[in-house]
Each structure stands twice: as structure tokens, then as C-alpha cells.
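Presented sequentially are two complexes of chain A, the first with chain B as partner and the second with chain C.
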Partner chain A sequence: MIELTNIHKTFGKVHALTGVNLKAEAGTIHGIVGENGAGKSTLMKVLTGFIGRSGGEILFQGQKVRLDSPKDALRLGIGMLYQEPLDFPQLSVLDNFMAGRAVFAPVEARTELARLAATFGFTLHPDNRVEELTIGERQQLELLRLIGDGARLLILDEPTTGISKEQQDLLFTALGKLKTDGATILLVSHKLEEIDLLCDTVTVLRHGRVAATRQRPFDRDALLQAMFDSLPEPQAPPEPKRGGIPVLEFEKVTGSGGRSGLQKVSITIRAGEVVGLAGIDGSGQGIFLKIACGLVPPESGRILRFGAPLQGKAKETGRTTVFLPADRLGEGLFPGMTVREHHLLAAPGSALITSATGLTVSRRAIATHSIKGQPETAVEDLSGGNQQRLLLSFIPDGVRLILMENPTRGLDVHSAAWTWRHLHSRLHADGAIVFASPDLEELMSQASRIVVFYNGKIVLDTPTRATDYQRLSRAITGQIDPVGTC
Partner chain B sequence: MDISLPSFLAAIAVMAAPLVLAALGETLTEKAGVVNLSLDGTIVLSAMTGFVVASRSESLTLGFVAAALTGCAVAALLAVIGVWLNQSQVAAGFALTFLCRDLAYFLGSPYARQQGPQLATLPVPFFSDIPFFGKVLFSHSLIVYASFLAIPCCIYFLYHTRHGLLLRTAGENPEGCWARGINPQTVRIIATMTGGTLVGLAGAAFSLAVKPGWGQPQGCEGIGWIALALVIFGSWHPLRVVAGAYLFGMLQLLGIYFQDSFPTIPAQIFQVAPFPLMIFTLILIHLSSNRKNRITRLFSGNPPKWLGRAYRRS
Partner chain C sequence: MKTLVSLGHFLYNRTATMILIAALALGAVSLLLLTLGIAPTTIAVAIAHGSIFSWQKFSHVLSLWIPLLLCSCGLLFTFRAGLWNIGVEGQIICGAIAATALLREGSFGLPPALILTLALALSFFGGGLWGSCAGLLKNRGGVNEIFGGLGLNFVAQGLILWLILGPWKRAGIASMSGTDMFVKELWMYTPPGWRVAPAALLLALATFALTAFLLGATRFGLTVKATGNNPLAARLYAIHPERTGLAAMAIGGGLAGLAGGLQAACVYHRLLPPISSGYGYLALLVVMLANYRIAPVPAICLFFACLAAGSIQLPIVLQLDSALSGVIQGACVVSALLVHGLQKRHKGEN
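Let's look at the complex of A and B:
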């Protein structure tokens, strides 16, 4: 049905895909698994013509095809269900169903939509606005649209994130039906249980290359090994500290944001702990940090910081708690402003600003944090590592809770090591560090306790010493029964 | 002065005709996700072009065509900058509005205060004899009829045709558009130019029909900004936008009537009053429509999600 040979894709100097081969037959479901950044999404975008490929051949039904734009793909019958549905929220269900069709025929389209929906057991009201639908229903609509447009190769990108169990069952039944009808389905997922349940073949991607291709039945451990890099045994993680005073307490906290939000999470983090949060992107760890620092108000539940309930006022953060976001330039810094101006903003002080204000602070910070730059350097001209050092230099003395997202993202080994030495030195006697990281090695070597999030819930909470790489990667892919509130 | 109800309503229809055209044009443009802030200048420039071409060629048709092309050309320029080159639509729109206005004054100065052709009223046979409605709807010039026709056409186009649907998708989520095999940029450029054509016609409606003649000022200045405000307060729904246009026409007309009734009050007050009154009324309407009942919900709407945002393909 479709055969990819030696697909390459480069973005500037970065090789997103290197020599990827993949073959999927009609009437099969082909799984594509891999870590974040393994190249799954890029490969799918190449297949739908959303982005061009840098090299390689695509054979579709035995014919060489170009696939320069989604138009090419649609004409061939290749349709993709995006993780975030690419639909039109303010338009009606029927308008969404018809958009892009060559013929405008509302009456016929209404009948067709009703017929297709009935075939798959979906309930969609053609006159509702799409913004009133759940993610699962929007996905059903997109699926029906693609089928209605004659797609014979369906690509689904993480289709089960954010949808209910009932919707998932409906979706799986629909996929089974499509498979029987002879369609080809590519299922991108990080959930091995889905792969087990649905797929006939699976391709594992790692760092933009095919790490393995397996036929059913799958050996889960072999798949996991192929998905994640094999690691040296972790260097001795920091000694877990027990019995410190509670720094951060969550009691049944629910919040929305990320893909799955946060669902009734309870956890107590004590003084002296370095807690690493693991999980696939958007499983709840990001929103956990944002709620903990007060950036996002929780929907329900109770949060205590240093024993006092969180009020949600700006001034209570800052002196005692800092949050360093993953998107340094976008959320952490002001592009266009200089290093000195940032220090001015971070410093408590008078309303009057002179050119000398902040200069001393700035010079000292540059020296103590080894930032390669001048007080008058614009922050966007700093390298990633230096931006991170700059952010670290804003942390005022006496901060007790440091919350970080991907502390070493995009940093070279040297900068990463410096960052961690610095962070450990800033750990307050009565404070804690909580960080989220996609990097298992970083979690194992820097955290004293590891908390794994899956679908907005904590599925594993363990001292680093008591766990291993294998167990973590299983928990991240959801293969531990939710322990719920622990 | 004849102030019977039918003639009052008929006068509103005439007064509001250019505003209806311009506001509908901007509605089309913004539905596709493009903000064309050059409206006010475009109206002045096309009023000038329409008047000059019509006087020189002694053909009203040519005058209207020239004005429409002018509006289309300015919109095309905005589309190139704001859509094709992904630059700020707001900045480009502002620059164009002042450029167009001053260009109109400069190029049009030899024709200021000259006699020129004017669109005659053309009562529709038979229909104009219907009591009340004949006077209100069927005793106008062609451009007023055009403004009437533009309303159902615009609604039909937006909500009942394939291209209207595409236009809305381009303003709602260009990426989704692209994923369906349609180039949102093309849709946006065409929508902007179509909207601009209507705005150009609005200019000619002023200089060749509603406020015949050319001068500095022409008398149509400021209408473009009102049209922009109408689109926002009208929640991007053509019907509400048009209702606002007629409301403004009424306020302007009342100003003229009161000017005659109160000669001691400076005339400028009556000329300017419709503008703040309009904004005040629109805010009131907007606030009251936040309460959800069935009728207000029917016409409520939100800005197109990608309004004013450039779309760059990943």
C-alpha cells in the first residue's frame, strides 16, 4: 500500500529523520512508537505533504508519488487525524465536514454525515458549533470527514490523548472496521497497550532513525529497549532526605492545561528533596509546576506552600518560590531587553531607574554565573546555556522552592553540569527543588525522588534509589496501574 | 422639509448606502482573517477617482468602475504586505489610510468644487407605486439598490456557498485550511481584494450620489472608521453590521434635521455628534447582548480566531 524508502528530513543542521524505511500493507494497522522528539510527527507531516522531505522515495499503491502539499496527499487518499484537531471551532459540524470539498452540497453532505456517523456509532449534531464538542467528538468528526473524502491511508497522531474511555472504545471499533474494509492505518502512539491491542506491525523510531520493526506479537521489553537509549547505570543519585518539614503539599488538586490536565493529585514534598517529574509531554507535570508556583489557579483541591494555603496573589511568589519555564525566551525572558534591564526588573528597589542602576548587580551576576555576555547584550543574543544561567542569576537569596521545566533543555554537557551544580548549591536547608524533565538520565542522576505522571495522574512515586530505568520507562508509557493518590 | 416617515426612512437608506457597502466589504475581509485598516483613506481616494473619471469621461459607469478598481488595488497592496509578506496588517493599514487620503487631496485638487455628473434616481416601475414601501425601497438611485442587494448576496455568499465557507475557514484556522488542500493565503488575498472593491464602490457612492462632488474635505471622511467599528460591534455578522450602518445613517440624518430646528447651536455639533453617539450606542448594544437570550444569541459571534494574524507554513 505505502512504502517509504530512505526518507531524510533536515531542518537547517538538525537531522529530524535519517534514512527512514517503512512499509504498510492494506488492511493492516501499523504502529509507530518513539520518545518525544524521535521524529514521529515529522515523519507523519512528510507523509501528508505538510512539510516537504529532504530526500527519499515514497511509493503509494506501487506508484512513485511526490507529496509536496496536503492537496497531493488528499488526492491520493492519504488523510491525517492531528493530535490537536485542525478544525474550525466556530463553524458548525456540517461546515467542518464540508470544508475543502470540491462540491458544495449541504443537503447531501448532511445525509452522508448522518450515514457515516451511524456506521461507526458516533453521535454528531450537524448544526452544533465545533467549539461545543469534546476533543473526542471533534476527532470523530475529523475521522468521518477523512473517510467521506475517500481517504484510504489514515494517519492518527496520538488519538487517545484527552478522550474518554467510551470514545476510545468507539474509536478502536471504528479502526477495526476500517481495517476490515481494507484501509491502511498508521497509528502514532506512545502507549504500548494500544499498540498491543490494535497493531499488526510496529516501527520504533529513535533519534530520527528506525530503531526496530516488529511483527505481532510484540515483546514489550524489546520495544521499550528500542524506544529509549540504553543507559549506563545511573551515577549515585543524591541521598533522599526524610522527615524534613513540608514545603509543598497538594491535596486532591485538579487543574486543566497541557493535554491531560491534572486529576486529583495529592503529594507532599519535603525540605531537602530534589524531586524529578517524569512523563510524556503534557501528562500533567507541566501544569503541576504552573499550579505549584501560582501561575495557573487550580480548579479544585488544596495547595499548601510552606504550610500556608496558596492565595493566588502575585506577590507571595517571587521571594520564596521561583519558576523557570522550559521556553526560556518566550516565557522567562523579555526578548529585546538587555541583561542589565532584566536584572533591574528582578531586583527589588526604587521606582527611579538610572543608567547606573543594576549595572553593578548585572556585572556581579555575569561574573558569578559565568554568563558569556555583557550587561548591554540583548537576551536573545545569548546562547541557550547563557540564557539559562541568566535566569538562574535572578533567583533571589532565600528562595526556598525552585520549580523548573526541562532545566537543561538544549544545553550542552558542560552547561548542563554547571546548571546542576549551581542548582544543588542553591538548595535551601528548608527548601526543595522540583523539576520536570524528559531525560531519564537526568532524572536518575539528579533527583532524590522521582514522580511519574501519566494522563494527569501520578502513577509512580519513588525514591530514585529504589527504582531503575526499566521501571521508569514502563511507568512513563502507562504500564503501571494508577496508584491514584499516594 | 418633508419629514414623513417613508421619506425619512428613504433618506436613511440613501445616507447609509455607502456605509453598508464599506462595512460589508470589511466584513468579508475580516471573516478571512485580514484586518484592512486602510478603509477610511480608500473611501476618500476612490471617491476622488470615481468623481474625476466620471467627469472626464462623462460616464458614470466608468466612474464607478474606476472607484471599485481603486479600492481593489489598495486592498491588493495591503494583501501583499499583510498576507503575502506576513507583515503587520495594522501598521500597513494605518500607513495606507493616510497615504490614500493625502494622495486623494493632492491628485484631486484641480477638480475640487467643480460641477460633475451625479447618479439620477431611478424609481422601479410599478414597485415604486406601492404605498410606503415604494417610497422607502424602490425610489432610489442604482447604487442604493446595489447596497440593498449587497446584503442578501453577502450573506448568501458567506453561509451558502463553497467559497464563502473557504473564506471563513481561512479566518478561523489557516492551518486547517492548508491541511484540507487549500491555500489560505490565496483565499485571504482574494477576500481582501473583494472587500476592497466594495469599499471602492462606497467611495464612488459618496462622490457620485450621496454627497455629490469632490472637495477637501469631501464629506466622507471618518466613515471608514465607523465601518471598522461596525464590523467589530456587529460581531462579524453581516446582518448586525448592516443594522449598525442604518443606525448610523439615522443619527446623521437626525443631525441634519436638528440643525434646521435649532439654528442657534453651531452646525459643527450636529455634524460631529453622530460619531460619539454611534460609539455610545454600539457599546450599549454590545453590553446588552452579553446577556444570553435566544434572539441575541442568534446574532452573537466572536472574532475569527486568526483575525489579523499572519499565517506562516511550518
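Let's look at the complex of A and C:
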């Protein structure tokens, strides 16, 4: 049905996909798994014509195909159901169902929509506005639209994220029906239980390559091993320090953001701890950090920082608490402004500014942090690693709480080691570091305590010395029951 | 490939950019005029004749330059803060209303200079208040500043009409020609043969200098720039983007209000329904043409003022509609946006 041979995709010097081979037969469900950045999304974008491939061949129903645009893909019968439905919220269900069709035939479309909905057991009123539907219902509509448009190869990207159990059951039944009808389904997921339940074959991607292809029944441990590199033994994680004074306390905190938000999370982080937050992107760890630093107000619950309630005011973040976001240029720096201007903004100083103000401070920071740039270099012209070094140079002496997302993303081994040494040197004796990282090795080697988030909840809270890669991998993919406060 | 690289370097050169914009605009306007059978040089001579060939005409140009420069200075604050202040027209009107509220009452036996100073301060306050309303609507109500500003323009327009035709109507008649003239002693001094008050000219120059200082040489200016460049990151530097945006809107509105106050006090000596004269929208074009930089603003304002003043000659000398000046202004701005857009795209591709 669909056969990908030696697919390559490069973005500049970065190889996102390297020689990917994948074959999925008609009437089967083929799972695609891998950790963040493994190349799943890129591969799906290539398949749907969103981006062109740099090399390789795609055979669809035995014919070589080019796939230059999503329209090409849909014309051939390849449709994708995105994590966030790509619909028109202000239009009706019927209008959305007809969107993109060459012939405007609302009467026939209404009949077809009703027939398809009945086939799959979906309840969709054609005249309701899509913005009034739940994510699950919007997904159902999108699925019917793709089937109505003649899709025979359906790609589903994390389809059960944000939908109810009932809607999930309906979706699984629908996928079963489609499979029986001879459609091919590619299911992108990080939930191994879904893969177990639905898939006939699974392909594991890692670092843009196929790490494994397995037929059911699946050996979960083997899949996890293939997903998460070689799972090396931890290298002497820092000693857990649990006796310090509370630095950050969350009491039943709920918040929105990311894929799943944060749901009644309670945790206490004490002085001396280095806490690593693990989880698939959007599982709650990112919004946890943003709420902790006061950037995003919680919906409910109580937060104490250094024993005092957090007011959610920007000014409170600065001298005692710093937050270094993962998206350095998007959330941490000001594109179009120079290194010197950033140093001026990061530290209080005189109200008047000349071209010489802050020059000494900036030069010193550049030298101390080995930033490859000048005070007048625009931050967007710095490399990712140097942008991170610049952000680190803003951390004031004696800071008591350092919150970070992906602290060593894009850094080479030496820069990463330097970053960690630097972080520890800046930290106040009574302080704590809390960082989120997709890199299990970094978590195991740097954190004294690891907290795993899944679907907005903490599912594992453990001293690093008391856990291992296997257990973490299982928790990240939701295979551990939720726990309370550690 | 090498050609593309050198084209890239060429685009980044600021002088070359200005030349490219001018050439594009000139080319587009010339093409339009030639299509209509009019020699572009004839138009250029007519506009120059009507704007810079005598002191009286040039001083008229300066009287147009002042409000345009003030409004443009105000927009520099809001654009730097990442806000589109479309409500400048309404802010000019509110400034004029605030100044008129005092000036129409006479001098109270106090020195006219004091009353005029107070009136101009009030106009700054009035415009600033109106600008703040758009800012507050955005911060508190989630109303985009473009829609808030546009809506407030209509409200201000209604307010000025109501005042002119109602409480402030001329004795015995309610006329669209405006309120009664202010007492002569409250007219800002304009020397014989001049069509601009020297004090207004000085005030505009001082405002420009202050704008350049505030935006370029103070921590406040840096904060405004940071907010505009990345409001998400601003909070990490203990900057409150909403408050900074509100301050920028208040200052921007204040400067537009000052323009309105000067129009009432120096140009018309009364309150008129069309007192804003479209300066608010024209100033948007000025700042866009300047690529949101401070230095080119006075020169662009002067060019636009010359076009506006000189185009009055077009119907008289060439039987052409004076709206042609608007076409020229528009062509300049579209050319500038095109060149800057190409630069950005080129930079993004590298």
C-alpha cells in the first residue's frame, strides 16, 4: 500500500531523517513511535506533502509518487489527522465537511455526512458550529472529512491526546472498521498501550533513523530500549538532599498550557535539591516551570516560594529566582537587540544610557561565559549554544531558585558540562535547581531527584539513585499509576 | 549564486535601501503620470512652486510639518512597544478639545503665555488620556489596540461635533464652521508674512529631540524596545509589558493631543470638526516609510508636508486633482514596505 525507501530529509546541515524505510500494507495499523525529536513529525510531513524530501522514494499503491503538497497527497488518498484539528472553528460541521471539495453540493454532503457518522457511531449535528465541539468531536469530523474525500491512507498524530475515554473508544472502534475495510493507518503515538492495543506492526524512530521494526506481539522493554538509546547506567547521580528548607511548594495546583495542562499537582522542593522534570513534551513539566516562576498564573491551588505565597508578579522573578526557557530566542531573548542591551536590561542601573553604558559589564560577561560574539552583536546572530551562554550570564550571584527548560539543548558535550558547572557555581547554598529535560542521561547524571509528568500529573517522584532508565521510560509513557506528593 | 550574495549585501546597505525606495516610488508614480499623459517633471515643478519657492509658502509647509512631526514622534513610542496606535486622529481631537476648553474661556486676566502653556499641557493630557483608553481596553478588556483606537476615533468625532453644535456653539447659530474664535490675545504669535508660529516650531523641534533622547538614551526607551521586540521574554527581565505598552500609548496619545492643541491654538484659533485633518493616518505612513527609525522622520514629514502644500497648485495650474499627492505618498510607503519586506525575507533565508 505505502512503501518508503531510503527517505532522507535535511534542514541545512541537520539530518532530520536518514535512510528511513517503512512499509505498511492495506488493512493494517502501523505504529510509529520515538522520543521527541526522533523524526516522527518530519516523516509524516514528508508523507503528507507538507515538506519535500531530500532523497528517497515513495511508492503508494505500487506507483511512484512525488507528493509536493498536501493537496497532492489528498488527491492520491493520503490524509492526516493532526493533534490539533485543522478545521474552521467558526463554520458549521457541514461546511467543514465540505471544505476543499471542488463541487458545492450541500444536500448530498449532508446525506453523506449523516451516513458516515452513523457508520462509525459518531453523533455530529451538521448545523452546529465547530467551535462548540469538543476536541474529540472535532477529530471525529476531521476523520469523516478525510474518509469522505477518499483517503485510503490515514495518518493519525497522537490522536488520543485531550479526548475523553468514551471518545477514545469510539475512535478505536472506527479505526478497527477502517482497517477491516482495507484502509492503511499510520498511528503516531508515544503511548505504548495504544500501540499494543491497535497496531499490527511498529516502527521505532531514533535520531531520524529506523531503530527497530517489530510485529505484534510487542516486547515493551525492547521497544523502550529502541526508543531511548542504549540506556547507559547512571553516572553517580548527585546525593539526594531532602532536609533543606522548602524553596518551592505546590499545593494541588491546576493550570492550563501545553497539551495537558497541570492537574492538581502537589510537590515540595527543598534547598540543596537538583530536581529533574521528565515527560513527553507538553505533559505538564513546561507549564509547571512557568507557573513556578510566576509567568503563568495557576487556575487553582496554592504556591509558596521561599515560604511566601507567589503573587505572580514579574518583579518577583529576578534576583532570587531565574527562569531559562527552552525557546531561547522566542521566550528568553529579544531578537533585534544586542548583547549589551540584554545585559543592560538584565541588571538594574542608571536611567540614562549612552553607547558606552554597560559595555564593560557586557565584555566581562562575554569573556567569563566564553560567548562567541561582541557586545554589539545582535542576539539572533549568536549560535544556539552562545544564546544559552548569554542567558546564563544573566543569572545573578546568590540566586536561590533556578528554573530551566532543556538547559543543554543544542549544546555540545563540553558546553553542556560547562553549563552545569556554571549553574552549580551560581546557586546559593540554600537554593535549588529545577530543570526539565527530554534527555534521560542528563536527568540521571545531574538531578538528585526526578519527577515524571504524564498527562498533567506527577506519576513518579523519586530520588535518582532509587530509579533507573527502564523505570523512567515506563513512567514517561504512562505505565505507572499516578502518585501523590513525594 | 555570487550575484545573489552581492544583491543581499546591496539590500543591507542603508543608503542603497533609501535609493531603491526612492527609485521604486519615482518609477511607479512616473509610470502612472505618463499613462495619464502628464510629464512627471511638470508635476514636480508645480509642487515645488507651491511649497518651497517663497518663505510664505514654506512657512505654510512648516505649519503642516509640526502636527505631522508630533504625531509621528508619538507613533515611534507605540510602534517601538509593538502596538499599532490607529487612534491618533481621535487623540488629536481630544487634545484640541482639552485646549479649547481653556482657551474659549479667555485669559482670566492672566498672562496669555501662561494660559497658552496651560492649554497645551491640557491638550497633552487630553490626548494622553484618550491613548490610555485604547491601552486600558487592550490590557483590561483584551480589545486589540487597532479596533480600540478605531472605535475611539469615532467616539472622539462624535464628541467634537456634539460640542461644536451643542454646548460650545457660536452665539445664535450652531455651525459646522466651528466654535467662536478665541480672544486675539490667546492667538499664538505669528510674525507678519509667516504662516507658522515660531514657538510652535520650537516646541516641535524640542519634542523631536526629547523623543530621540527618551527612545535612544534612556532605560525607559530600552524597556519599550524590549517590550515591542518580545513581550514574552520581557517578564523574565522584570519588565511589565502591559504597563510599558500603556505608557507608550499615553505618551503617543499625549503627543497627538499636543498636535491637536497647537492646531486649535496656533492655526485655526478655534475648534473645528476636521481639526485632525488626517494627520494621524499620514503619520502612520511617515513612520512606516522611516522603517520605524527616528532619524529620517523629520525629513519624511517635511517631504509629505511639501507634497500636501504643493498639491494645492495642481488643480489651479494643471487642472489635476490634488489627491495626486496622496498617490505619491502611498507609492513611497508601498515601495518602502516592499523593499523592507524583501530585506527581511532575504535575511530569513540566510
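Methods note: the second predicted complex is superposed on the first by the 481 of 486 C-alpha atoms of A that agree within 3 Å, B and C clash if a C-alpha of one lies under 4 Å from a C-alpha of the other, contacts with A are read in each partner's own complex, and residues count from 1 in each chain.
The definition used in the following text is that a contact is a pair of C-beta atoms (placed from the backbone, for glycine too) under 8 Å apart; a residue touches a chain by one contact, two chains touch by 3 or more.
What you see is a predicted model, and the numbers here were worked out from it, not measured in a lab.
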Let's test your reading of the overlay: on chain A, do chain B and chain C clash or fit side by side? clash
In the overlaid three-chain picture, which partner chain does A:104 touch, first (chain B) or second (chain C), both, or neither? first
Looking at the overlay, does A:80 come into contact with chain B only (first), chain C only (second), both, or neither? first
State whether A:63 touches chain B only (first), chain C only (second), both chains, or neither. neither
Quick check for you: in the superposed arrangement, does A:333 touch first (chain B), second (chain C), both or neither? second
Going by the contact rule set out at the top, does A:50 touch chain B (first), chain C (second), both, or neither? first
Tell me which partner A:345 touches in the superposition: chain B (first), chain C (second), both or neither. second
When the complexes are fitted on the C-alpha atoms of A, one of 63-71, 243-251 or 315-323 in chain C overlaps chain B. Which is it? 315-323
Note which residues of chain A are touching chain C in the complex, please. 293-295, 314-315, 317-318, 322-323, 325, 330-337, 341, 344-346, 349-354
Would you mind writing out the residues of chain A in touch with chain B in their complex? 45, 48, 50-51, 69-71, 73-75, 80, 82, 86-91, 95, 98-104, 106
List of chain B residues in touch with chain A within their complex: 160-162, 165-166, 168-169, 172-173, 175-182, 301-302, 304-305, 314
Within their complex, chain C touches chain A through residues 217-223, 225-226, 229-230, 232-240
